[in-house]
Amino acid sequence: MKSHETDILVIGGGAAGMAASLSASKQNKHVTLLERENDTGGVLNQCVHNGFGVQFYQEELTGPEFSTRLHGEMSEQNVEVICESYVRNLDVHEKIAEIFSPQGAYTIKAKSVVLATGARERPFGALLIPGERPSGIFPAGLAQRFVNLENHLPGKKAIILGSGDIGLIMARRLHLEGMKVIGVVERLPYAGGLTRNVVQCLDDFEIPLYLSHTIIEVRGSPRLEAVKMVKVDDSLNPIDGTEKWIEVDTLILSAGLIPHVEDFADEGALDHVNKGFIVSNTGETVYSGIFAAGNNVAIYDLVDYVAAEGWIAGKNAALYAEGNLDKTRHLEIRRGKNVNVLVPNKVTTEEHLRIYLRLKEPIDEGKIIINELGIEKEFKYGVPSEMLQLTVNKKKLSELLHDKDNVTVEVIS
Amino acid sequence: MKVAVIGGGIVGSLLAYELSKYDLELILIEKNNDFGQEVTKANSAIIHGGYDDPPGSLRAELCSDGNRKYDILSKELSLPVKRIGSLVVSDDTSDSEKRLEELYRRGIKNGVEGLSILSSDKLQSIEPNLDEKYSKALYCKSAAITEPWMVAVLAAKGAEKNGARLITGDEVVDSISKGRNIKKVVLSSGEEIEVNLVLNAAGVYFNKVARIFGVRTPEIILVKGQYLLLDHLASELVSTIIFPLPSKKGKGKLIVPTIDGGILLGPTSEAIDGFNPEELSTTSKGIKEVADAGEEFIHGIARPKWFIKTFAGLRPETPNKDFYIKLSSEKTNFITVGGMRSPGLTAAPAVADYVIEYLIQEKMGITLVKNDRVRSISPGLRIKELSFEDASKKIEENSSYGRIICQCNQVSEKEIRDAIRDGARTLDDVKFRTRATFGRCQGGFCTWKIMKIISEELNIPLEEVKKNDKGSELLDGKVRK
Amino acid sequence: MKGHITCTVCPVGCKIFISDESGEIVIEGNRCERGYEYAMNEVVRPKRTLPTSVKVIGGSLPLVSVKSSKPIDRKRIIDIMKKIKSITVKAPVRIGDVVAEDIDGEGTSLIATRNVKEVHEK
């Protein structure tokens, strides 16, 4: 049983992990990236659609292009990439990972670790939809894998539950590839994905979007035969008399993403609203020397943000590895009015601060306000599905860090 | 002597296993592709203490014996069994205390070992998260949990190792008798098999099978139980099986740790109208009831973020709610082992002894000769259960052990291929043999990989890979032909 | 039609309000000319970059993901898809390779967006 050592260990080779590896390696540190699939890229490899890289690379790219480019840059930096590696255990204090791979079982000891483990899709079972248990029910990402990489359609006639981006993207994909797509069902009164996707995936092809609707039963054995759709009221309760059975052989689920954190953290390390790791503006978690970035911190809407956050975490993991990570400040960032997801949770280093947030409720015209810093940023057409982002200049931040220990981010109209 | 056991659930398979220890020709016939896929796979997976059954009933007689026998069987067949103990909890009303005492006395009468009544201090120390209103409990040290379908699979393998012939994917559709003597069974594939003795252990279908042979058996009702499976994280809140005081309907809705670290809440107990063995749907009402019942015991256990899935199982119930294990009066060589509802799983090993020693040898007067063939099954390997050092050695022997396919449950490629080479043909077969896709992501990440492996191993195109039965193929045509 | 769109020409992502209900085309909220043009196209002749897949012969993957070299008239996408379904390309494919020329009669080609290695049959 072998044991290796490295400076920075990055777990997860998707957008966040690759960006973290790249930035850590630019600090002349030895970086080892572990990826469980047989190639890096994560879900980017199956996202054949475009919309990636507009900010990170100033170019609109498809998923595979974004991934290939990032991987290429990483290779030039001599990042050690180990694919087909499974982290069985991570000791967050000793920073030792136990790994299984076809090449053998081994441990890696690192000076710092970046967790870039992404998120998983909410499975059908967790939705507690009553009825039978037929085949033909797919989380959207799994369907995407089959269509884009394995060259197979999931069925003939589909309905999509959940209007998150992946559901909208798949609505278009399945439609263009010859399946009948009955529509997208969304229980809230507004879409869960980016507006551009509602336009380009549904409106463009006249695929109906059933807002304020949900699916309350599935029928069929051994294959799906029909689903029961119903209208819901403001409290999301089914309205009697609006039930309708719709015949489909495929149910695609886009019912939310869940940060993948359970294997590496206990409750105390997690933010209960973001559902992911608590992080500071350096990307460091509550465990010293353990950093996290990407969808395992909060569910982001653009891969560009994920890559940017990965970049920051990688850089700081490298600083930590050489004993140079400044953690002398402590400023808590709190949620105020209409703020739901909020990253990061605190500031521990004087750096340009990038704040990401999601609204609780849609608001046509609003302002993000941080009273204590005298910052206001206006925006229009705000919806929970589109993250708002604001940067606080390093100097401004420094001025205030000295006499405050918390700030509140809120949104008003 | 040729013996046919019809039905490869836990009862039929254990029956076949025990019979295989004797000098006779044995056939185990299972209509599904794998063993233990009907009643056996959708229940609480509990090996009960045996204090709950009315003294004098067949259930009572066989439950505590069965419980004890699991220790021997565990060794012979490398069964997954965990003796975690159970608690029947009650509040401090005098009525509740009386009922608890009654259960205790019943248990003693039924020969249950390891029973004691706990006061609230002791109770709190075993289960600190239990609601304070539960101040007393009947603790049963001998209660355990298992993986029932694996017991059936391993018992069938054990029988096969001892020379039994296993038939899967085929069912008995007809019989040929000469007067009151059954001569042959006829399968749906057309095969006719000569028999001297037929054992009917066909689960919910035991009446249907009996009729094929012209045998009358009591009418049954099917009782559905709905369950809610919770994430492994929930298991930090509880360490034993928690029961309420039993009622007329049955043992009630429980909190049951599962063999691989999850938590089950349930079951409901709903009689189905008519005979519909495919009625396995869950309902909102049922799911809510089992979640609420769990919350009554331990607040915060039924957390939505911990919900993994819901499912339902059926049990066949005779009018007197007891097992129906009897020689037939219509035929001389037919035994029915039916009505196997709770504690069927627990009693199964003892049922086998009862049938062999009492019904076949004593009542029918047939002498069976034990053979002394080697009868142990070596434990199946789960890389997840090995220490890092042992796992490392295994991976060095075969790199396929190091390729983890199901990330949530740490199931390796080798385990999956082995399961398929051992008879698994569908996604569900692989799932039940290896525990792949039982975890948090419910196959969201690895289903395509498992399907590719099945496609390779069975040499079938990806679109022919099924979830379970015929017609359950997951994929349609190609995107690009 | 009336509504707002997110311009994708540059990273700013202006939310642009567009409408042609009153018979007059109204475009508001863009911060530059390119955004105006983008919005105008959305009203008059919406175009979309088409991302899809093409069959690969002899590759390590059965499909290569591709995209149109420039946006295509949205109304023609379904027809163009029919054509794309019958195209095949031989491995190896490199990112950026032109997999098909002029799929829409206006000089738009299909460009590979990933690498697909060649695999030799056993």
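Each chain gets a letter, A, B and C, in the order it is written, and its residues are counted from 1.
Throughout what follows, a residue touches a chain if its C-beta (ideal position, glycine included) is under 8 Å from a C-beta of that chain, and two chains touch if they have at least 3 such contacts.
Not measured: the values here are computed from a predicted model.
> Can you name the chain that lies farthest from chain C, using the mean of each chain's Cα atoms as its centre?
Chain B.
> Report the chain ID whose CA centroid sits closest to the centroid of the full protein CA set.
Closest to the centre of all protein C-alpha atoms: chain A.
> Count the touching C-beta pairs: is A-B or A-C ahead?
Most C-beta pairs in contact, of the two: A-B.
> Measuring centre to centre with CA averages, how many angstrom lie between chain B and chain C?
54
> So how far apart, in whole Å, are chain A and chain B when each is placed at the average of its C-alpha atoms?
Between these chains, centre-to-centre, one finds 39 Å.
> With centres defined as the mean C-alpha position, give me the chain A-chain C separation in Å.
25
> So which stretches of chain B touch two or more other chains?
Residues 479-480 of chain B touch two or more partner chains.
> Can you pull out the residues of chain A that are in contact with at least two other chains?
In chain A, residues 148, 150-151 touch at least two other chains, as defined above.
> Among the residues of chain C, which are close enough to touch at least two other chains?
Those would be 53, 55, 62-63.
> Considering the complex alone, what residue numbers of chain B touch chain A?
228-229, 231-233, 278, 280-284, 286-287, 304-305, 307-311, 383, 388-389, 391-392, 395-396, 399-404, 407, 410, 412, 440-445, 447-448, 452, 462-463, 466-480
> Where on chain A does chain B make contact in their complex?
Where chain A meets chain B, its residues are 1, 36, 84, 86, 88-89, 98, 100-106, 120-121, 123-126, 128, 130-136, 138-139, 141-142, 145-148, 150-156, 177, 179, 216, 221-223, 258, 262, 275.
> In the complex, go through chain C and note every residue touching chain A.
Chain C reaches chain A through residues 3-6, 8, 10-11, 13, 15, 29, 46, 48-49, 51-53, 55, 61-63, 65-67, 74, 77-78, 81, 95, 113-115.
> State the interface residues of chain B toward chain C in the complex, per the touch definition above.
479-481
> Please output the residues of chain C touching chain B within their complex, sorted ascending.
That would be residues 53-55, 62-63, 85, 88 of chain C.
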